[in-house]
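See the structures that follow.
Look at the two complexes coming up: chain A is in both, with chain B in one and chain C in the other.
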Partner chain A sequence: MFSFTKPQHAFELGSITFGGQPGEHPTVLFGGLFFKGVPDFKTASTHLAAMLKIGEETGMPVVPDLFIRKEEYIDPILSFLEQHLPEAHPFSVDIIEPSLKVKVLESLHDHDLLARTIYNSLHIGVTAPERETLKRCTPAMALIVAFNPKDASPDGRIEVLENGAHLLDRGLLAVASSLGIEKILVDTAALAPGENSGAALASLPVVKEEYGLPVGCAIHNVVEKSKWLSRYGSVKATVDVASNAGVALFGGDFALFGPIEHAPVVVPLMAWFDMVVSEYAEAYFGVCPSERHPRRVFYP
Partner chain B sequence: MTARCVTSSVVGSYPIVVPGSELMAQYFAGENVSWYPYITDAVGDMTEAGIEVVSDGQTRDPFIQLFTRRLGGCRVRARTEVVGPIVYRGGITVDDVQVVRRLVSPSTKIVGVLSGPFTLMKSCIDLFYHDERACCLGFAEALRQEAAALSWFVDEVSIDEPWFANELPAYAEEAIGVISEGLSCPMRLHVCGDVSRIVHRLVGMPVDVLSHEFKASPKLFDAYLQYPSEMGMCIGSVRSDDVRVESVEEVVAHLRRAEEVFGRRVVQVAPDCGQRMLPREVAFAKLRCLQQAKEVVYGG
Partner chain C sequence: MPEPNYPWGGEFTTGPPDGCVAVVLLNIEYTPPPSVAIFGKLKTENIGIEKIVANVISNPHIRFVVVCGEEIRGHRSGSSLLALHRHGIDTHHRIIDAPGAIPYIENLSEDAITRFREQISIIDYISVNDSTRITAEITTLDAQAPPSFGEPYIAIRLRPEATTSIEDARALHAKITIDYLGRVKRRGE
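Right, the complex of A and B next:
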């Protein structure tokens, strides 16, 4: 269990709070909406509704993370969001291709959605056109992936945030600031097994103590790459959802937990861990849980 | 023409742009990030220019972080901090040099480049030793192990000590001797900048070859005339701080001047310093010019 000496930022977006001391606010859970080929919005709406419902029941904040891989899917996906996500509820857009990032930002601006957008993500691959577009079409919040190809340790994450590890003209935090992005989430960049994968979790308290920013990661990605687990049948799926507990236990604020279909298991699981953390944080550090914390939901 | 074995070489770094977007694409694809394409590009340019003793190009990092990142007791921040005893934890540049060995023909030689212990010490913030000599010798001992590991794969080890031009400590020979003693291959000491004040000390260094910026500081020829020695010399012959590409005639004249001063002690010709700060096409043109001039004076 952790409590940090550095004052902790707590950013509001819609009705969700990101950050704070462990035990204060529940872990924000990002459920991935992956569309293979033509988006299947019917199935997506079912999964989204299920995640929102279980989030509401448990007091756990949930955010859909939308993977956009082709330009022609931008508008349909944003329209889907407008129809199926409650007004003002935040969402994240997860895009890899730099030119597509520019187009998505412009569409978010056109749809007047930037105030609800979590940009996933800023990293050492940020391009000049992307920077220019981010200045014009600035999302409310951005996720910084602190991946340092030169150093997989927690120090490497600090370095890339601080000075870009000599791969950028400045550190990623300064890049975000120069673009006018004020609400920052730091993703500590899960790596494959054998590449210091544990450092993604170990970096959570390190980065949080250094900057006071909300931190998290997609630790389940490490499970996906742990091929040996496949020998044990359904155990791999169990470990995948359970891995997210590491985020709560290492003082993190958010988890990108993988496919949204996992929400019915991940959300109550994380509510349970958040309650364990909260009980100890309150007893030992005097940190009270927020009003919508699952501890207050289940033990009013 | 003077027919003897004088080789064209490099001092160390070569300007290869490493795009963050390429590295992130590998990260998102779950692949191990590979630096080998950038090493391949650097070595490809050197060999295409005809250079006979090539380096790995030091594409991974600036030359301080390249070493401190991999040494125990060092913590990379804006400036590296020494936070514990400096400990060698295994090969730093050895893997990259092995890649070079696979890339080049058997007749091409390789120089393994080390950042010098005094320069490393002076570039770091010492939070542990609180004693410059002890910190420097700590780096020297770690570099001794790296040099020994490199010696299996390289034809020469070069120590880059730019800081000596500013300040030559009383223990300089001791620190360099820690690395060179018992080394199974020849060792070169590169000190850039104006070293005219310290030539009398440099000629007594426990190394086989001295390397300087003779092109940017031709007055060094006069300084060396005052201190005859048997030390081999590497003649910096194209500038590393000027984008103007020298003509072959100009470099030939420079090499003839070196012949007048050093005679048969000239064993290598090279750029004045690492070429990291030059545009790639300029760096390449300078290497090609260097090689052509060397062939005019010493044969192919």
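Right, the complex of A and C next:
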């Protein structure tokens, strides 16, 4: 368990705070929706309501991460969140295809949703049209993925943030700043087993001490790619949810935990880890938990 | 002793080593015929492609790479592999004209990429999901029985020089120190 010498940024979006010293604010948990197939809004509304409810009960901040795969899904998905997510509650949009990113940003602007949007994500593949659109349609917050295809170490991650690792004209942090994105979360890019998968966790305190920015990752992706775990039946699902604990223990601020249906397990699990981190951080570093921290909820 | 970085890891199945066809599966559930030298799924347009190149050029018997199935949405990995074969990489190591999101080849030398482009012909079956048609194409390619390309090319994974110091047993990384309580500081401050 860590405390950082570098002053730590804490960004607010809606009622959620991202960042700060370990033990100060609970880990923000992103639950993913619409990863596969045609969006099933009925099931999604049930899962979203369940995640919001358990987040409220435990004091854990939860954010739906909306995966948008096709242009024709943009409007239905945005309408869905307008109907089912409390007003001002933040959400993230996860888009891979560069041309689709542009269309989603424009739709978010049209729906007047950019002030609640966490853009997932800005990375070294950023295109000129994407930059242009981000300038016009600027989301309140962005995830910067510190993926460096030539160097999977923490140094490689810092290199892309700092100078673009010769793949960009400048570092990703400067790119974000030039686009007017003020609130930045750094995703330390969890890779597959065999690709220095542990570096995603090891990079959390390194990047946090370097920049004082909120850090996190989708460490569960490593579990998803660990095919050998499938030999042990339900164990894989257990490891998948448990893997998120690494984020809290390594000083991280947020975790993208994968399918939203895992929320009923992931949310209390992370509340528990946040509590033990908070107890230590207060005892040794004098860091008091925030008003809505799970430690205050369960041990008022 | 085999080179410790070879073969490059990944999810693939090997067949007879003297087979002349390798099959890259995009979004498709298909098992190629037993004559195929190696087949597996491609997901990412960077590390995934690097693994294919490294493993294909290690076997000079492979002269054809069939890319089949629905394209990987967003990553456009199949089209990026085709672009690599057609155009190579630019000075920033980006695959020229690749449509994928992050099409960078950073762990292979230019020699390895040149060898890949020269060793194999690529068969563009992107969007083809008909297993009968794919198998028929593989059978046709097998029948051509081209000669081996020559010596294997063992692509050593390029690694940055290690900069991590283990002098401080409590340090997680060379940039930071962590005292016995857990306070993190930049090294040297």
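In this section, the second predicted complex is superposed on the first by the 299 of 300 C-alpha atoms of A that agree within 3 Å, B and C clash if a C-alpha of one lies under 4 Å from a C-alpha of the other, contacts with A are read in each partner's own complex, and residues count from 1 in each chain.
FYI, a residue touches a chain if its C-beta (ideal position, glycine included) is under 8 Å from a C-beta of that chain, and two chains touch if they have at least 3 such contacts.
These figures come from a predicted structure and were not determined experimentally.
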Clash or fit (per the criteria above) of chain B with chain C on chain A: clash
First (chain B), second (chain C), both or neither touched by A:E195: both
First (chain B), second (chain C), both or neither touched by A:G37: neither
First, second, both or neither for A:G251, with chain B first and chain C second: second
Contacts of A:F285 with chain B and chain C, given as first, second, both or neither: second
More chain A residues in contact - chain B or chain C: C
First, second, both or neither for A:G233, with chain B first and chain C second: neither
First, second, both or neither for A:P86, with chain B first and chain C second: neither
Touched partner set for A:I95, first chain B, second chain C, both or neither: second
First (chain B), second (chain C), both or neither touched by A:P154: second
Touching partner for A:E210 - first (chain B), second (chain C), both, neither: second
Doubly contacted chain A residues - partners chain C and chain B: 96, 98, 123-125, 147, 149-151, 155-156, 158, 166-167, 192, 195
Touch list for chain A against partner chain C, complex: 1-6, 69-70, 95-98, 100, 123-125, 147-151, 153-156, 158, 166-167, 191-192, 194-195, 202, 205-206, 208-210, 227, 251, 280, 284-285
Touch list for chain C against partner chain A, complex: 9, 11, 46-47, 73-76, 92-94, 100-107, 158, 160, 163-164, 172-176, 178, 181-186, 189
Contacting residues of chain A [partner chain B, same complex]: 96, 98, 123-127, 145, 147, 149-151, 155-156, 158-159, 162-163, 166-168, 189, 192, 195, 221, 225
Chain B residues touching chain A - in the complex, by the definition given at the top: 18-28, 30, 32-33, 60-62, 65, 69, 75-78
